[in-house]
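Paired with chain B in one complex and with chain C in the other, chain A is shared by the two complexes that follow.
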Partner chain A sequence: MSAAVAVPVPGRLGDRRTRTLAYVGLAVLVVLGVLVAGTLAGDAAQTTDLADRNLGPSAEHWFGTDRLGRDMLARTLAGLRLSLVVGVAAAAVSAVVALLLASAAAVFGGVVDRAVGWLVDLFLALPHLVLLVLLAFALGGGTGAVVAAVALTHWPTLTRVLRGRAREVMSSDYVAVSRQLGRGRWWIARHHLAGHLTGHFVVGTVLLFPHAILHEAALSFLGLGVDPGQPSIGILLAESMRYLTAGAWWLAVLPGLCLLVVVKLVDAIGENTRALLDPRSHHL
Partner chain B sequence: MAVDLLTRAAPMLRALTGRLVRLLLLLAAVATASFALMAHSPVDPVDAYVGGDIAAIGPEQRAQIAERWGLDDPPLERFGAWLGNLVQGDLGRSLTFNAPVTEVIGERFLTSLALMATAWVLSGLVGFGLGVLAGARQGRLTDRVVCWWAYTLASAPTFWVGLLLLYVFSVSLGWAPVCCAVPVGALAEDVTLLDRVQHLVLPALTLSIVGVAPVVLHTRHAVIHALAGDHVALARAQGESPTGVIVHRVLRHAAAPAVLLQFAALGELFGGSVLAEQVFSYPGLGAATTAAALGQDVPLLLGIALFTTVFVFVGNQVGDLVHARLDPRVVDDLVRARRGRWRRDPDPDVLPAVEPLPVVPEPEPAGRGAR
Partner chain C sequence: MLRADDVWFRYGSAQPWTLAGVDLQVADGEVVGLCGPSGGGKSTLARVLAGHLRPDRGRVTVDGSEPRARRGPHPVQLVLQHPERAVDPRWTIRRALAATGAGDDAIAALDEELVRPTWLDRYPHEISGGELQRVNLARALLTRPRFVVADEITASLDAVTQARIWALLLERCRAAGIGVLAVSHDRLLLEEVAGRIVDRTPVPDRGPA
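Presenting the complex of A and B:
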């Protein structure tokens, strides 16, 4: 009986709509799981057991243990939880900033539009990681500084996309007609612009999230981010470097793999939603 | 003759000057913004300078150091002094490396350049090849595997990929050294080219593996777009083979976006090199960036900020130029100025007058007469 059920029905996940919903469901499960397990594992992540140092993966410790005998699965979960919190905070702040700037540019036009374009260019002038390093340094390091730095630097690309789209809409004929009929800027923005930007905004925000997570991990890995005592994926990987030459592969491979899975899951949701909202952009 | 040369060179000069002015404005903005950031940093420069000996010096000595460096002056005055030195090409002295910032950046950048150039070429070629393959086999297994692979790589943290390569090739197989740009403890004159290449392979591979993903996806998109074009349909109707279609009708279309993307990704490349150099302890500019931030070396950080701005700017400009050369529909002022040299607009007086087309009266819409 189980064999008959296990055979996948061809084409069931071939539909992008179904597939996206499946991804969203899976992502919700993973996020909830990580949040709950990460919170519960908070103590276990810091519990040292010097008798069980640098053990490989086993039934007792699925991800092995580190140099102080701490359970790597607990540490990975706690790290992922931190990643998710940073990712959500950064994506939310960046999305709001991008939306405000792009709408201001579209509604007021002229000088405001040029100023926004200029600000975007300024933020994109430096390599993103260098900008993050500068900001994290200027804010004094630590978890708060990382969240702020990651949140404050992810809006330019989304702003650029939204601004371009808004310009296109604002220069179209029906907006000109609407203007001639005496509609105000805000009315036009609400009734003609908002609908066009919503899709891009949602997709852009979802796609900000993986970037933010990866950048938080990168900063922590370099030692410029989260306090070293706190388990974060970046810190776990930085610590693993010293024991890699001794053959402790599980310290690096498994936490990184978990991060990759979470990032790819969110990325897949974003890309699929984009394809659903704008079928012409994807020839699939 | 001289006047002729001048009129020909004028548009070129104008385009170049425009770019230079834009770069200078950008640099001024970056300098101001990053200086403001550094000035607001809670890091105390005297503490950073003294380091571990902080307990050994008293408040008078602190005040002396602060006065000698002008740290008592208001921020605006300090900014003016720094800017004045900057214009003269003096970026100050790096505390971590105990050398002038310009020297550190120049030396470190050359080391990084070998790494970044290798990775850049490698990721461009591999990415373009895979992208063309996926686009040509759209919807087939090859396409799906390549796409899945590219999306996965795009989600992979650079340093994690580096750690994997380090474990597999250095620790387990022992094919490549574990760290650094040259053998540990070797004298500079004993280092051979082979040694350098051997130390370069893994960091460059890390960087290029991560850099491949966007090139693959964009190239694939461009190939699919080009394959749907009328010129491809015509070529097919004339009996061009599938390989011939790709080689003769599609490659150039697909190359333009890939090249533009590769040049625009120089900032990402540098960011990746910061991480890869950290993993492999490769002494390049990326590692210097990390060291500067950890060592609270403000002059070096500011210098790196300015330098990478120029790096990214030049990359974008070169990308635009090459893109315009590959795709004649793209109009770039510098390319137009260059083209003016050998492909000038035809002189209107020389051309024979063209007879205006006879005006054809619009046919009566059918239906009206029947009414």
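Presenting the complex of A and C:
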């Protein structure tokens, strides 16, 4: 690997930018593949075959079968799809909340800025998972409640990053010059702020996905998440607990590993996008 | 007439006064030099005059009334010391000039001596510091200001570029009857460009008052 880095070959996979782009492209393809496979596996994930119960991994059932003879590969793929959909929805809502709060803080300043800062501190001070569980419980469980609970607990960090960047822009000389040219706060928000926040917003949103996916799994594992009839990774893991002592390791290990891989892939997409959009911060 | 009457300013109520009872007048078409050592509050005064900062006490007036920045460009345009900080790095030069409200025709009609047409579609980091400072000057002049406050605008430039920029600024302002406040720590430069020099001595550090 180090030899490949030492001799850059421009235009091919030699230079860093091309490699990063290739990596992001590959990761996006794999995640999309999981989404498509999960959708196609929807029926197979629910098909029971009582003759093939509790089978270990084999050529026929790569991930084995569960106590009702359902194919675990199909269930894992369907579960990942559900996790991804919930993760994307929750991350998107969170990111929009963060963007709105940070922009309001920057545009209005003063009391609004202090209120947003205080709100961020408040939410960051509360234990993350406890708040998540409380919210999911209060909202009555189910997919919608999970999306809402994850979205409502994940905006503070991104808000803090965006607010910091927005403050930096608003206190710059070029914004002072625009004010001197008679431009109002909305004009400045649209023409200066929007451009400077886009990169951070995109990267922040992508990096929220892995969190959202993991917390969806955690909530479903605890029984507060998606409908137990649906195969989400959290539910697969929760169901597997009873059979682990009987030696059915594949029920927990393989779906768990797949979740880990997908989370790592999405994380890699975010980190590499950051390296592309903001190379300086990446080297800090 | 640009006037500052008994202007007081400090950065926060727990800070010492940066400006304490400053009086200053610049007549239309007059070139006044403002001289003083570093840290003497020259830049602060420049920002107060251009409306970037609001004085805690006293008034800044143009022809007897306080300018309202909200309604169109401020009649006092400040050109800053660091040209690269005064332009959004994500904007092309054309966009920075268009922010004044000037149309394509007005931008295309700019004197080549001030802004070359080849610069228009470049980004600020793609032209030199001296060139960017000329762009900033052009931007200030496009708003048809009554006064230009030039805050150490050539401090980071070589002598030849310095002379060119000052010649350009003085020529344009004389032609349009624009008053200029030239701010610098360099007395020799001010003696060269200004008709009258005002000295700013720093406020003695008395702590919060």
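By definition in this document, the second predicted complex is superposed on the first by the 265 of 284 C-alpha atoms of A that agree within 3 Å, B and C clash if a C-alpha of one lies under 4 Å from a C-alpha of the other, contacts with A are read in each partner's own complex, and residues count from 1 in each chain.
One rule holds for everything that comes next: contacts are C-beta pairs under 8 Å (C-beta built on N, C-alpha and C of every residue); 3 or more make two chains touch, one makes a residue touch a chain.
If you're wondering where the values come from, they're calculated on a predicted model, not measured in any experiment.
Residue contacts after overlaying the shared chain place A:Val96 against neither chain B nor chain C. By the touch criterion defined above, A:Leu21 lies against neither chain B nor chain C after alignment on the C-alpha atoms of chain A.
A count of residues in chain A touched by chain B and by chain C gives the higher number to B. In the superposed model, A:Ser172 makes contact with chain C only, not with chain B.
Looking at the shared chain after the overlay, A:Gln180 reaches chain C, while chain B stays out of its contact range.
By the touch criterion defined above, A:Leu277 reaches neither chain B nor chain C. When the shared chain is aligned, no partner comes close enough to touch A:Leu29: not chain B, not chain C. By the touch criterion stated above, A:Gly195 is placed in contact with chain C alone, chain B being left untouched. For the contact definition in use here, the chain B contact set and the chain C contact set of chain A share no residue.
Of all residues in chain A, those touching chain B in their complex are 121-122, 124-130, 133-140, 210, 214, 217-218, 221-224, 233-234, 237, 240-241, 244-245, 247, 249, 252-253, 256, 259-260, 263-264, 267-268, 271, 283-284. Considering their complex, residues 172-174, 176-184, 191-192, 195-196 of chain A touch chain C.
On the side of chain C, the complex with chain A involves touching residues 47, 50-52, 69-74, 77-78, 80, 82, 85-88, 90, 99-101, 139, 143. Residues 26, 29-30, 33-34, 37-38, 40-43, 138-139, 151-152, 154-160, 163-164, 166-167, 170-172, 178, 221, 224-225, 228, 266-268, 270-271, 274-275, 278-279, 289-290, 293-294, 296, 301, 304-305, 308-309, 311-313 of chain B touch chain A in their complex.
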